[in-house]
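I've put the structures underneath this note.
Each of the next two complexes has chain A plus one more chain, namely chain B in the first and chain C in the second.
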Partner chain A sequence: MNSMNNIEHVQSLMKDICSPIKENIIDQFQIAYELKQDDIHKTLGYLKNAGWIQLSYLSAVDWPDTNEIEVVYILMNWKKPVHIQLRTRIDRENPVMPSIISIYEGAKYYEREAHEFFGVKFPGNPDYEKQLILEKWDDMPPMRKDFDPRQYSDAHFVGREYSHDFTELNNQPSKQAKRQQRKTRINSLDKGGK
Partner chain B sequence: MKSTKFTELTQEQIDRKWWEIGDFFRRNSLWMLMYCTGCCAIELPPAMTSAYDMERLGMGPMATPRQADVLLVTGYLSLKTLRRLIYTYEQMSEPKYIVGFGSCTINGGIYHDSHVVINRLDRYVPVDVYVAGCMPNTEAVMNGFVDLMDLIKSKKADGWKRYHDNYDWYKKNQEEALGEVRIKDEFHE
Partner chain C sequence: MREMKLFLGPQHPGMHGNAAVHMFVEGDIIKKSYLLPGMLHRGFEKGMERKTWVNNISLIPRVCVVEPDINELSFALATEKLAGIDVPDRAKWIRMLIMELARITIHLMAYGGLGSPTGNYTLMHHAHADRNTILNIFEKITGHRVYHQYIVPGGVRKDLPNGIEQEIHAFLDDLESRYEEYRRLGVANPTLLKRIKDTIMLPEEVVWNLGVTGIGMRSATNKAYDIRKVMPYCHYDKVEFDVPVSSYSDARSRVDLKLQEVVQSIRIIRQVLDKMEDGPVRVPLDKGQAMRWRVPKGYVYAPIESSRGEFGYYMVSNGGTHPYRVGVRGASYPQGLLGIEKYLPGTRIDDAALWVDTMGVCSPEIDR
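Moving on to the complex of A and B:
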């Protein structure tokens, strides 16, 4: 048909739309782009017209070190076997990402989930703030890296109490030392076992 | 010589005898409702099919809670599933028994520090038999069922009575965790 392979086809498409910050070819079926936040809607709309009619994933990644939240979109095309991943980084303190339900309607529930788990706000989606999965939630979004699930669990769910600390019964030395040893070895493998 | 005269039994004793007869049939035809909440559920297919064939114990799957005797809670429960589990349990007709599978139902198991999974099942519903392990192997599961039958025989499987007697306590715990047991979300409006 045409001499271009699918990845090249995507690349030539993207050239017309915007200038990505980063391009990453994962394999012959997947390609990833990091974009500026303002380019996301334009790119999604364009790609939808070009055949990537299905939004197969929308979620977020928390990057506390750089104080950013990364919103991820993955698009699928039913005719060409190539997935496109679009990512954009937004501020972590006040994460706002305009909704894309005008382009992909199904994003409605994904956005609710992302709001629930990462606290990203999606203006444009009428009920992004409605709870979807969690119940009676009264804490920070649980998928943020600084959330402490153990503390939450201890505070909300009563555990079983034992009169006896059963972990002390098997008087083996702690596995911590062994674990540390293994870790050192794995790290040393990077440098050729030194 | 032993007297052949029958002694009069009180009504209470007669009722007890009938109950014992009932228990005999009940424990030999346990119909179970599988509430497959967690990964322990994967132990049920081998237990039910020809490898271990639980039908030789008289156990079989049942489609609705109203006709089932045993509720199998196979693993961890999130708040959402706990709500449905209580619904299901309260629909079952008495006497009813609960078998809790895996360490998740005992003390939270590997999910003891998860933010969505409850830790102790018997705070919310009474459990008659626990099968420990993560996951318990199929022999243990079968053993648990035999234990349940023994408990029914010795009248110790009285979880449903405990549920009546301590109903306030159970309700309090349920409400503490769930707010309100009624299912109320956008799909049930």
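Moving on to the complex of A and C:
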């Protein structure tokens, strides 16, 4: 198989474009790069012309310890099957990442989603601030690490009262009885579920 | 003519899952449309960060309702890549068996689902009856009908039960013998052809603009771009199968490809049952307690071929007992959101349901 050659091909391409901070070969079909923010558009444009015409995924990862947000792009080339991961770290307090819809049109909704869940701003994308999935959200972006869903739901929704205590386990069938039930069920499947 | 607002869904037989297509129509021509997701959002990605690696097994199949096994396999492959686990041979074959059986169920459901927006309910009932037989087989193998939780990091949960091979063979022979009947009911049915032939076209350049994968891409580009072929996982490089393609992508040819893929899946399953050898099906993840299993640091994307195209989990580990970040790349994300916004205008109202069905838009995958 010539799949290892494809990885070497990507490595030689990347040498011409920019100097990555980190390079990591994951397997014979995947390679990951960490880049500086300014290099992203240049690299994406170059790789698109080199055959990586499909944007497979765009998302973000929150790193509160270093006060950074990582934006991730995954590209795919079907002729030379290699997935390329490009990652870049941006400031967490004011996360701005210029949009890439001029290069990959399909990024439009991914960017809207990343804005909603991580608060990353994508200038250049006309709709990035519009509501997509979360309706009338009034809290911090929910995929950030310091957002606690339990706290949010306790504050926003009324607790439920049960008329019956579901924690008691006395009425549960024994393990053996459950096994017997399952056996009967499987036997009955042979007769058409009767 | 006056412009009107119309909603297709969330409760509509032509809509898959709880999403709505919001349309502005003049007469019966769509002028503007977009998808309204969010009604099914359950916060899976956040939930996965708050559970251990092993606990997540029970959560992941629920991401996509009709096709849960792709989630299990993608999660398992990503975790194994991060942790550097090598899976036993037999487990790989069993995984392929489950994946292909699942592919038949989902293709039958989509093919039969064509019945509901077009009014051909006989097709739907036939397809659902066959899907039910596969669900019975799944129940015997895994103990569950829909959410199996069977493919786990390190292999599969347990070995196949005795005598299941004969049952699968019998079912495959039965299904194959009724292939012509399915064709007559669906893609060769003159009544249905009036609705699906030459409607909702997908030109090749649109495919690349959107990033559509799977049947949508193969029906327009005439190229066998299938993850199982170009970057094989499990043992897909050890079996022979064809990837059906076409160069003219209307609703009819996309549906036709689905039916042809069922035939290829049958071919793969027969080879899998033939080549499978006895052996262990699972390796221990780590010494000691599985709940305290720590996965090494890393960033990994694990793509697999689902019935709708490239599906993958993007997983980040910081070396802890919980995944640091899990991102789901839904296969129907491009055609579901940008496709409906950009390429549905100009078609008729009733074509919207056909786009959703033949392009395989699955709303649970968009709202995860």
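In this section, the second predicted complex is superposed on the first by the 156 of 194 C-alpha atoms of A that agree within 3 Å, B and C clash if a C-alpha of one lies under 4 Å from a C-alpha of the other, contacts with A are read in each partner's own complex, and residues count from 1 in each chain.
Keep this in mind: a residue touches a chain if its C-beta (ideal position, glycine included) is under 8 Å from a C-beta of that chain, and two chains touch if they have at least 3 such contacts.
Worth saying up front: this structure is predicted, and the values here are computed from it rather than measured.
By the touch criterion defined above, A:P149 lies against chain B and chain C together after alignment on the C-alpha atoms of chain A. Within the superposed three-chain model, A:S188 lies out of touch with both chain B and chain C [touch as defined at top].
When both complexes are overlaid on chain A, the residue A:G106 reaches chain C alone and has no touch with chain B. Of the two partners chain B and chain C, more residues of chain A are touched by C.
By the touch criterion stated above, A:F157 is placed in contact with chain B alone, chain C being left untouched.
When both complexes are overlaid on chain A, the residue A:I26 reaches chain C alone and has no touch with chain B.
By the document's definition of touching, of the two partners only chain C reaches A:Q85; chain B does not.
In the superposition on chain A, contact is made by A:L134 with both chain B and chain C. When the shared chain is aligned, no partner comes close enough to touch A:N67: not chain B, not chain C. Annotation: chain A residues 133-135, 142, 147, 149 touch chain B in one complex and chain C in the other. Against chain B, in their complex, chain A makes its touches with residues 130, 133-136, 139, 142, 147, 149-150, 152-154, 156-160.
Interface residues of chain A, counted against chain C in their complex, comprise 3, 24, 26-27, 29-30, 32, 53-57, 59, 61-62, 72, 74, 76, 78, 81, 83, 85, 87, 104-106, 108-110, 117, 132-135, 142-143, 147, 149, 182, 185-186, 189, 193.
Partner chain A is touched in their complex by these residues of chain C: 37-38, 41, 43, 45-46, 50, 81, 136, 139-140, 143, 208-211, 213, 223, 225, 230-231, 298-301, 303, 310, 312, 314, 316, 324-325, 327, 329, 333-334, 337-338, 367. Against chain A, in their complex, chain B makes its touches with residues 79-80, 83, 106-108, 112-120, 123, 173, 177-179, 186.
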